[in-house]
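Next up: the structures, one after another.
Presented sequentially are two complexes of subunit A, the first with subunit B as partner and the second with subunit C.
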Partner chain A sequence: MSIDTAPTVSATALDATSGAATRRDILHRLLMTLGPILAALVIAGCILLAVGVDPLAYYGFVLEKGLFSPLGIQQTLTRMAPLLFLAAGLIVAFRAGMWNLGGDGQFLLGAVTAAASAPVFVQIMPSWLALTCSFLIAMVVAMIWSLVPALLRAYQGVNEIITTLMMTFLGTSLANVLVKLVFRDPGTTVPQTRTLPVEDRLPRLFDTTITSGLLLGLAAIVIVHLVMTRTAFGLKLRIVGANPRAAIHAGLGVPGLTIAVFAISAGLAGVAGAVDIIGVQGNVRADWNPAYGLAVIPAVFLARMNGFAAIGFVFLLSVLSIGGESAARRLGVPNHFTLVLVSIVLIMLALAEYFDHRYNQSRRA
Partner chain B sequence: MTGLFSEVFLSALLFGAVTAAIPLLLAGLGEQMSEKAGVLNIGIEGMMLAGAYLGFVGAFYSGSLWLGFLAGAAGGVAVALIMALLCVRIGLNQIVIGIALTLGLEGLTALLHHFQFSRSYPRLPAADATVIPLLSDIPVIGPAFFKHHLIVYLAIALVFGMGYLYRRTQLGLNLQAAGDKPAALDVAGIDVIRTRTIAVLTTGALAGLGGAYLANVGAGLFIPFITNGAGFLGIVLAMLARGRPVWVLFGALLFGVCLSLTTAMQVAGINIPTDVIQMLPFLAVMIMLVLFGRRASLPAALGIPYERGAR
Partner chain C sequence: MAAGGVIRSSLRTIPIFLYWAFMSSLSSSSVAARDIVALEGATKRFPGIVANDSVDLSIRQGEVHVLLGENGAGKSTLIGMLSGLLQPDEGRILVDGKPTPITSPRHALALGIGTVFQHMMLVPTLTVAENLLLGGPWWQRPRTEELAARVAEITSTLGITVKLHAKVSELSLGEQQQVEILRAMVRNSRLLILDESTSMLTPKGIDELGALMRRLVEQGLAIVFITHKLKEAAAFGDRISVLKLGRKVGEIPPERFRALGEQAIISEIVELMFGKQKDDPEAVERPIRTVRAEAAPLLQVADLAVAPTDNAPGLSSISFDIRPGEILGIAGIDGNGQKQLAEALAGQRAATGGSVQLEGVAIEALSVGERRRRGLRYLTDDRLGEGTVGTFPVSINFFLKQVGAAPFWRKGVEQRAEIEKRAAQLVREYDVRTPSLKTPVARLSGGNIQKVLLARELAEGAKVVIFNKPTYGLDLANTLASRQRIRDTAARGLAVLLISTDLEELLSMCDRIAVIANGALVGTVKNADDARTKVGRLMIGLAA
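Take a look at the complex of A and B:
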């Protein structure tokens, strides 16, 4: 949990005399991101070779379907919307030193709430108001869901890793119960909620299939980044994260801030669920759990809780997952390979950061 | 309703509870050791999956359950080796690497299963039980607790072995110190990195064994994502147990009863979604936490990589 990342970034940017140094810095960062990804592709390629698949053909599909084909890039950008909200929520929690590992439960409950409320609301009020209300309800439900871990942490000192993990198991089951028993669409045989008509969903951007949820997600993560780095409230949260005891001595109301952090983090995860349902899926099927949270957590860490860097990592995750899905269909490699690829990419990025750090230290010494 | 509470039903329920509890117990005991030594091992789910897959492959091709268990433990250790290398030796972020390992092993084992077994879905024969004489003749309790595979008794003996290790041995104290005040351990001339590595590798072996038991004895086959969060449950158990192995056993049995109840209800034809029953153990623990809200007693240096000479 370092507080000093923001000042160093702005210091290099403000230093007008060293344009060349800035350029070298950008080049260096680009190299430090692309290098490990390339290494990960080589390692994952060896696994593909071992199971008898041509790695070049596979990566070709991933790039074509995830990045370069018009339809693929639109799907990729659409996939980013929920991930961005999840990342924004995690940035708040992690910067404040709270391990909210319950993102998936909060996400699913938000999704189910949105799926249950939106089809009802669109019948009684204008579309824009209906969707706004659904978003708000999803957010509030997820916030309430986080209240138990928040209160336990704030007033009893119960470790939030245990409580959020347990609440995510509970939330996943509860979401299923709600879909199967309470909000089940009587018109279908498979248990799922009522489907939101396509024309009532979030509008698409221009003439594309990209959901406008992407813009909301980008706005959320940028706002979160600015609040955490540029406002007094963000500073307070970072102090709590860096040293909770010092925060108490500085006169900060730590229990109140703790509850606020959980509420914001869970609320954003709930909105992530809502944006996926209202923007893309239209309904929640029973046992649907994309488990986005698990992949976003390490990405946020690697971005060092920096909002802009997190956007980059979320984009990378989306390309890999959309491209992997297409390649899986074409080449007969099960979709599970995407998990392997993402895992190796994460490890390589972490390793690169370590060696970079070591190199800088030895140069300074 | 007589059928629901008959002797046979009850002992089958308890038998299932023990079978479901053993993987959780092994994972919880393993995680407990890592946490004691200051390593938050989120990769344990991946270690269990590696153990489940290799354990099944070993048992399937060799025809021996014991070789399967050995292969499973070895699989867990192999994953733990990566974790130890990256998180203990060079001090990378334990949460990033732990989650990455879990994701990677989920994908890898599912991938290998797809190419190897997805057409045939082979099964192992039912495991032979070691029947304990006299005790197994007690009605209800006998068939429920004393007719298991030998490894079940070994796992329960391990609980007490662990208790002894933590209380009475030098290694146990070293592990504790590595988690509470690693610098002090270093000053005392004990290698912190080595102590933590031992802990992580032991975790891998236990988690792998738990996974192998889950696949070979519990299910009799390997399917992708077979652990279904058992490793995360292990983390919860280890944290709730506050460093005491016996509490891991109690916790594992509680979760085991609830898991077994899920299956039993379905067999008995009671029409409640399994999700409702799956929520029971978590609800019970959350209610306990709300009522007795005890302050967590986690090691002070949990999750912090040790770097010699750092401030």
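Take a look at the complex of A and C:
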């Protein structure tokens, strides 16, 4: 080349100056998360006032029952186990740009198959093997359930939001039918599956009532996070999610990856169901549907699909849901108020983001 | 204002300098009144970089203001501020002499500033007509008939055809670019900004656009025209400003512009841009390479066919061979099946018939990834749409097509150090201007994104490479460097298919040039002395 070009800007010199910027970034992000949450608490407080409940008493109660009382915090941590598995499954799907909204159906089917299989297995094989088999069956059943939306999306381009929602309606009904007709425990009058004896359930941690499922859940979400951020497989999924055309151009097998994403996401939801049954509930009652799947979606969004942040938000969600359940009984606030609160938080966060963006624009103008 | 460069080079031509000084003192009283838009000390910073550094620019009625500069010099950033996409960190914008912050693209349109951006900004899921009608008042029904009449008027003067009812996603990039130009025109702007709008046009299309610009400025419009082709700058401009590393380093005002000949202007620009004198820099001799005629073809395509869609041509009985070391060019107006051809060869588009053989092995049934593993490379012209993942760092974008391959991944686990090391090497080798390897690739300037793609496809392991407009968006120095790299690629014994709308490029590189029209190859000529006329005749539908 005979024509001179200016030297490339040195990459390292610029990296050094960006260190301070990152710290400011983190502070900013923290403010942008906590501010809206506080605002949401105030707004939810106004709603509580309107229905004649003292918000301070409500929040105090939620904190007391969900966080500060020894029994409450143990319940909260126990509740986290299935939520973490669900969150892990959603992280995989959302990062790959696939909206698996069928978590509840997959969860319940996993729960029912675990509830049906575990009491049988523990009679014929050692407990650890029995539980492992139940987990696997729950996972496989949930995966199979995701096959319809997965195949439709992969080969026909059918929008998975609709299909997974449809499948979740069918799945919850099917789970119900299974409990009432197929796996019903003949020994009781209430329609429910056979109960897994307490001593065969997942062990508790130390001397507490916290289920060891919590550790499994934490492991699952950390592994998912690492797979998504550090491995070739995770990168492939993220490429599909961020720019599907680039994925095709780069020669990735998009249909295969799509099916894999649905399988992993649904499999984790199925395990979430199993962990709740094998760890805590012991059986599935007819018409039982905790709708964890829907509640976890906002938590995953707030965490921006980051696994570690998701642990924090799932913890928050558990506190709210355990505390909210107690408060519901004591103060007469409907149980679903937790969801109301979470949605207000989500809306406030979105608004904050919007105004932050507008402010940045106008400040420069 | 006028920086050292102008003065310095003016001194060489003192009579002209005096003439210029005389003329500008004469007209200085009316200068302020004629500025439609002016930038005063405009500065724009991005993390790790000053994209525009206190730039003054005056854009006047009746003038085509050409903006030149290397890749990453800050041209598109400047345009971003004029069109309301970006806000200056310092300095101000004057509209009709009054300081006016341009707060949004909508605001810019209301002020009469219409922009054709470097990267397409159309809504892919809407039709062309719907895109043209976007932004009208929401309470009114879109005026479709009026639009059709207006479009017919403009397209006939421009000599282009636009399929109003085609979905944008079905169009080739070149066709999309035409729609963008049209969109800026139907809005009756006072100031029209064209950011590299000729990059996908044929020589004839470029001339027509130049003539149209001339007519428009004669009607009293102002035009800002960005290009990397110095001949276009000299042919269409009235005033030239040159940016370098964010600073304005020189300006050639209209008086001087008219006084200089084309060659003088080009060499002055080259000096301003690159600081070194070189006579016609594009006139490089095509080195005579020997293609071993007896060697078996590396790529053999026979009767390749692709089904047409409503608005895009298919391919019919495409046949050609490329031997090792040979460069076969595909000339033609964009949208005549070039994209379909490249995609069918790469495996991204299903062929309805025919065969494709790589080293004598049929590959037409293989997947995209498998064809790549066998040594077929495809450099797409759609660098943001499918070539890169905009939000991913520059470093990862180098390896999008190698995800999972050693040494960058071991047992499926990312080896950050290896990736960074190789990426840093490529950045240096291909002169990619980026604040850091972690910068999201979409933040780079257009030409620098193109360098990332080039670096990726030219990396080792290739046997056959399809280049679709490889130098689109590159500045002069990088265009020349990339052409040399492609020639070197061929010299290593690879087969190269070079798709381009730029006839000069094809003539300077190819051994043979085929012309594509309506999805069929209408003729192939050897690149000998009379190739230019022969290709030209084929392109307008005559026999060579």
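In this section, the second predicted complex is superposed on the first by the 320 of 365 C-alpha atoms of A that agree within 3 Å, B and C clash if a C-alpha of one lies under 4 Å from a C-alpha of the other, contacts with A are read in each partner's own complex, and residues count from 1 in each chain.
Throughout what follows, contacts are C-beta pairs under 8 Å (C-beta built on N, C-alpha and C of every residue); 3 or more make two chains touch, one makes a residue touch a chain.
What you are looking at is a predicted structure, and each value in this text was computed from that prediction instead of being measured.
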Partner chain in contact with A:165 - subunit B first, subunit C second, else both or neither: first
Touched partner set for A:297, first subunit B, second subunit C, both or neither: first
Subunit B versus subunit C as contact partner of A:37, first or second or both or neither: neither
Which of subunit B and subunit C A:248 touches, first, second, both or neither: second
Subunit B versus subunit C as contact partner of A:236, first or second or both or neither: second
Of subunit C and subunit B, partner touching more subunit A residues: B
Subunit B versus subunit C as contact partner of A:347, first or second or both or neither: first
Common interface positions of subunit A, toward subunit B and toward subunit C: none
Of all residues in subunit B, those that touch subunit A in their complex: 40, 86, 90-93, 95-97, 99-108, 110-112, 114-115, 224, 229, 232-233, 235-236, 239-240, 273, 275-276, 278-279, 282-283, 285-286, 289-290, 293-296, 298
Touching residues on subunit A, where the partner in the complex is subunit C: 1-6, 8-9, 11, 14-15, 17-18, 21, 230-233, 235-236, 238-239, 242-243, 245-246, 248-253, 361-362, 364-365
In the complex, subunit C residues that touch subunit A: 47-49, 70, 86-89, 101, 103, 244-245, 270, 274-276, 278, 281, 346-348, 367-372, 378, 380, 385-392, 396, 400-401, 403-404, 409, 412-414, 424, 427-428, 431-438, 476-478, 480-481, 484
Of all residues in subunit A, those that touch subunit B in their complex: 47, 51-52, 99, 148, 152, 155-159, 161-163, 165-167, 169-170, 173-174, 176-177, 180-181, 294-295, 297-298, 301-302, 333-334, 336-344, 346-347, 350-351, 354
